[in-house]
Amino acid sequence: MSNLAWIFVSTLLVNNFTLVMFLGLCSFFGVTAKVETAWRLGLANTFVLILTALSAWVLNTFVLARTPFLRTIAFIVVIASVVQILEMALKKYLPVLFRQLGIYLPLITTNCAILGLALFQTSRSYTLIEGLVFALGAGFGLTLALSLMASIRERIELTDVPAVARRMGLVLVIASCLSMAFMGFAGMGSAE
Amino acid sequence: MAISVEFRHGVHPPEEKELTNQLPIRRMPFADELVFPLRQHAGKPALLCVKVGDHVERGDTLGEADGFMSVPIHASAAGTVVDFDWWPHPDGSMAMAVRLKVDRYAPQVARPRLVPRWEGLTPAEVVQAVQRGGVVGLGGAAFPTHVKLAPPKDSAVHTLIINGAECEPYLTSDHRTMVEYAPRVLFGIRVMMRSLGVRKCVVGIERNKPDAIEAMRAAVPADLAVEILPLTVKYPQGAEKMLIKAVTGVEVPSGKLPVTVGVVVQNVGSVAAIAEVFETGLPLIERIVTVSGHGLRRPANLIVPVGTKLRDLLAFCDGVTADAAEVIIGGPMMGQAQANLDAPVIKGTTGVVVLEKNETREQRSWPCIHCGRCLEACPVFLNPSMLGDLARVGRYEEMSANHLADCMLCGSCAYVCPSNIPLAQLFQASKTALRRQLASVQ
Amino acid sequence: MNESSAPRLVVTASPHLKPGDSTPRIMWNVVGSLVPVIAAAAWFFGVSALLVVAAATLGAVLAERAFGHGGSLADGSAAITGLLLGLTLPAGMPLWMAVLGGAFGIGFGKAVWGGLGQNVFNPALVGRAFLQAAFPVAITTWPTVGGGFFTLKGDLFALPFLHPVTSAVTSATPLGLLKFEGKASALASLVIGNRGGSVGETAALVILAGGVYLALRNYLNWRLPVSIIATVALLSGVLHAIDPHKPDAPFMLFSGGLMLGAVYMATDMVTSPVTNLGRWVFGIGVGILVVVIRVWGGLPEGVMYAILFMNALVPFINRATQPRVFGTSMRTTA
Amino acid sequence: MTATHQHQHGGPPSATPQKMTPAWKLLATLAVAGAAAGWLVVMVYNVTLPAIQKHAGEQVDGAVREVLKAPVRWDTLYLIGNAVTATPPAGSNIRELTKAFVGFDAAGARIGVAVVAAEPGFQELLTLMIGFDPSTGALTGYKVLDQKETPGLGDKVEVDKSFGAQFAGRIVPLKGVKTLVAGNPSQVQTITGATISSRAVIRIINDAVAKWRPLLEAHDRGGQR
Amino acid sequence: MTAVPVPGLVSAPPSSAPALVPGAPPPATVFADVWRGIGRENPVLVQFLGMCPTMAVTNVLANGLAMGIATTFVLVGSGLFVSLFRKYIANEVRITSYILIIATFVTLADMLLAATFPDISKALGPFIPLIVANCLLLGRAEAFAAKVPVYRAVADGFGMGAGFTLSLCLLSTIREVLGKGSILGHDLFGPRFEPWVFMMMPPGGFLTLGIALLGLAWVMELRKRRALVTA
């Protein structure tokens, strides 16, 4: 499998950001009551992930090479700014999209998936193209996990969940089952 | 025409018609007391026009029609009005009803009335006469017949379909009507076709009634374009939209009436009742009722005066057996189980079925296992499994968005449900709840 | 309200006729159709197979008794879960693991969701996925077929929490042989079932017969197994034609747990789509995933994960394949 | 940022309208905070840097020592473009170059070369340091630098010493088998239940040796010339 | 962040006594500030905050403990600074300032850990820098530290950190004991123990927390029932 394809498949399925790497769990548990919201949030995240991959590459290449200790601070500030600028840009130029995604944008700043992407991209020293593919895979993986969780939670709304499992217990069991289902993809691309 | 003679989906409950389908129609004598609820039809209830103590003759009006979407109620025997109070209604509720003590010694001959010469009447006058006769759909829904005879001005009705499917198990009243009163039915068809101005009429009859098909075919006059169409035997073949689909191949749009596709559907019994109005001048005061079931000693097809209490009707059929468990007004698929045998036979009562213990449904149900059988049974292609889930948690608006309104409560889903979930009942309750919600919003 | 004049009368909601089937009846029929499969397992793997299946069933039934609603054992669904789980385990599996798997499947695959009909994932597969993740060595140690009926196929009676001391002769599954050593297996042994594998997955013809019986009685929907088998056959046939090193269709169909999965796991009514169109989508999805995991994945077998993954998609599939309501021209999804 | 966050976080907006803070003051706050943060970070960085670099160096040194069986000293070669050289061009960042370590024993004879290679394992990239003799293709050993294989199973490629030990002396290209055939110098026994991770290690070694051998041979020839 | 509609997010108790700062939490003892984070407002088990590190690093106790201590360090440090400068940070730039303060302490924690425990630092990988994105930190800074005196902010940070650490230790102990048969690397059951590899893998992480929550809910349910019986 070519490198780019492997990065994509690995990030989307084998090492799904949410279900295997445990990134972005706050929104995975917090914003998955409705499918509509879940996949919109996922797409908004994908968008920000791609911008982050771009800015992280720029930072790594031109700014942070000599000052690696500022990485965390620089990334989080840049992510916050990217989200802020994106929010303003959407509001001004794409008001329809803003109405759909706008309310999720502030949530994205503290989504660890975004910062995680930047950090992983750095520690694996991805090139720009690799970084973008990585971001795309991560974003789609996030959207997939969020939507699956939301569709299952919508369904269990209609069932007699036992009292002890009603708050978060069952949601974690669902996450565990989803994570198990994704285990089938392990080793994909490693066996010839 | 007749592209397909069936609709998709539906179920095949055991027919059980052989108990009564060869028994000639007999007349039931008057009971001591008759009860006439003022609400016997779809639309507005009739308005009371007698007082306690009044003496009425057979065929006299007890309640006047309240507007166009209503019909009058007539006394089916001569007697004295003894009470006007709440009384058990066959639909399970209580309703205001006139109680009539039947005059034992009256000749029970209807007062001579003017028989309208129908050939001279304009369509509007025919409609008026039919309304005055108190005729409603005798297939069970009791929709005022004259309303169907007066379609909206902008609609182009081209076909009259007569419903002789009688798909409910046990029931044979329409079957016997067609066998024994075929000429009267065809006279009714003639009146309706002329009044509606249509040239084409199809009588749909399920294939399990060969003698009815034969009798009707033999009775068709040369000058009438009436086709007798045998239909596949399955439930709910007699539902209006299913019948139209089977006969014309056209689906009535969701939420619309049959007239939108140029069709008027009328039940066999109602057509015969129209004929009676113009033949004898008598209003609808008696109807043919199948009294049947394995829990009944002597099943029969009877002409029963409207207002006869179930208790008297069952007694006339020698009572129920020791194993009888459930008395149902209507057929076993859509009928209403009776808690009180004082409820009377009304205009919409097609039959009374007494089931034995081992035939009735169990009380216990299991959780829905999403087997999907209800989807394959539902004649209007709903997803009863999902609607049932929604109903249980009271999400009525979502049910409405998923076409709850199209559900006609035929019960096919509940019949096939292996988990024995009372889906039809859930949907009926949801419809009521939804109506209440809407009303409270307005 | 109404004074009841005849106390013997019952009043039920319409329709009043008793339907021919009941949920427990369906479940117990499935159990019955599994008897030949279990018999075949005993034929190939001896008493060990029976012990493993019994242990998994015991675990499932105990968990249902502990966590289920009152009397929920009688509907037979817990027994099915246990039996199916047992049939997917190797004959040498320590019994304590099988019991644990059965209990896990019912506990976290069903009871915590609210019991029968409420779960999204197939409980037997949840139990098996847990065992696969927890004890990967024990669950991939496949004893060879044959030997005396009463020869134990492994350290079945290892004490709880201890790992088995394997002494029995083991063999690889045909899929493992192909993936890791590039060796093909004879088709005849695949079809008959005298090959390495889980106790209940080898006798493909017996499983198929059980499926036909259930389909004829309308206790399973034929679209699911047919679409899965057809997809796998078609896809692997095409891949084999392009690259002859890839396994061919008959091998893919009769190796591993495909038959057991297609006939008994994917057809679980609770965890498969409710619409017929959805069933085709589900089956085709399972088929594609099976081929993808087997051919390109790291694991030799992927039926379990394919079905679990598609289980997760069922709420989506159901939403997307709502039937067209009578008298409406477009598909309406609310 | 502030506007939305106020909306999102502020709860009920306070009844009294807040007076606007002048922009210079905001900037000053941020500048002071940033300067303070930067100062703190740089200070701690300077304090911890030696220790961190020591750890990192120890890791590489330890790995080279382990895979080359305790060399007395080693030289570092750098991969520049498609050739190996002992002297990187001036101005290049040495830390980011791909390296090979050539180890020598006490007598000054070359023991072998250690290189780092990474490829997909069962879950994630599996990073190894591989020691081999470029002239014979014989392995001296390998060490796992980074792995995310299944704990208790795939991670045996790192933890299970008996698996790692069998590589020494084997001739590349290797082949993984369930049961060894005696006398075959290229066979390696895979770990039960972790066939995929075992085979990933074998594949990484094969690929790395195949990539480095011609490069090193070319360098040797160039060195002799 | 606090805006995430996390189910069960415990809102601050309604203030009955007149507070000095608008919106400030009611006065309480230092002990109460510490105890709240461990018990009633436990960040993991009650508020479901900081889920990512909770799952990702709790496969062995050493990692869970290290993550807990690192987070506590950042909580206390950022609480201290946020509270110290609360009068000087303008409202418009407060979030940015908080993030800056938190990120600084995270960087410090990262470097200190790498210098002292390189193995644990390697095992935790990017999850130490990811503390920045832990909703718990910004939440506490915004909702508590910015409104109270320094000693209370520190006490609260310490309490929340302790609650976080204890939860992580609970989960990682379960996972390490079952998944490896050891605790802090010390073998517990001898060589014949069959480890439940499942517990070390991602689904095991989700499930362990799920079991913890189910158990907690069960205890609550029992208590509620007992209260009903005695009442």
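Order as written gives the chain letters A, B, C, D and E; numbering starts at 1 within each chain.
FYI, a residue touches a chain if its C-beta (ideal position, glycine included) is under 8 Å from a C-beta of that chain, and two chains touch if they have at least 3 such contacts.
Quantities reported herein were computed from a predicted structural model and do not represent experimental measurements.
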Taking contact as defined at the start, I'd like the list of chains shared as neighbours by chain C and chain D. A, E
Smallest count of steps, each to a touching chain, taking chain C to chain E: 1
Among the other chains, which touch chain B and chain D together? A, C
Please flag the chain sitting at the greatest distance from chain E, going by CA centroids. B
If you average all the Cα positions, which chain's own average lands nearest? C
Per mean C-alpha coordinates, the chain lying farthest from chain D is B
Most C-beta contact pairs, which chains? B-C
Rounded Å distance between chain A and chain B, as computed from the means of their C-alpha atoms: 60
Whole-Å distance, chain D centre to chain E centre, using C-alpha means? 32
Inter-chain centre distance, chain B versus chain E - centres from mean C-alpha coordinates, in Å: 68
Dist(centroid_CA(chain B), centroid_CA(chain C)) in Å evaluates to 49
Flagged in chain B as touching 2+ other chains are 367
Which positions in chain A are in touch with at least two other chains? 20, 69-70, 73, 80, 106, 159-160, 165, 169-170, 173, 176-177, 180, 183, 186-187, 189-191
Hey, what residues on chain D touch two or more of the other chains? 1, 5, 8, 37, 41, 45, 122, 150, 153, 196, 199
So, with touch as defined above, which chain pairs make the list? A-B, A-C, A-D, A-E, B-C, C-D, C-E, D-E
Give every residue of chain C touching chain E within the complex, in rising order. 97, 108, 112, 129-130, 133-136, 138, 158, 161-164
Which chain B residues qualify as touching chain C in the complex? 13-14, 88, 92, 94, 169, 241, 245, 251-256, 311, 324-328, 332-342, 353, 355, 358-363, 366-373, 375-376, 378-383, 385-386, 398, 401-403, 406, 409, 411-412, 414-420, 422, 424-425
Show which residues of chain E lie in contact with chain A when the two form their complex. 1, 3-8, 48-49, 51-56, 96, 99-100, 103-104, 106-107, 110-111, 125-126, 129-130, 132-135, 138, 201-207, 209-210, 213-214, 217-218, 221
In their shared complex, at which residues does chain C touch chain D? 136-137, 140-141, 172, 176, 180-181, 298-299
Which residues of chain C touch chain B once you look at their complex with the stated criterion? 1-6, 8-19, 21-26, 75, 115-118, 218, 221, 269-270, 272-276, 279, 318, 322-328, 332, 334
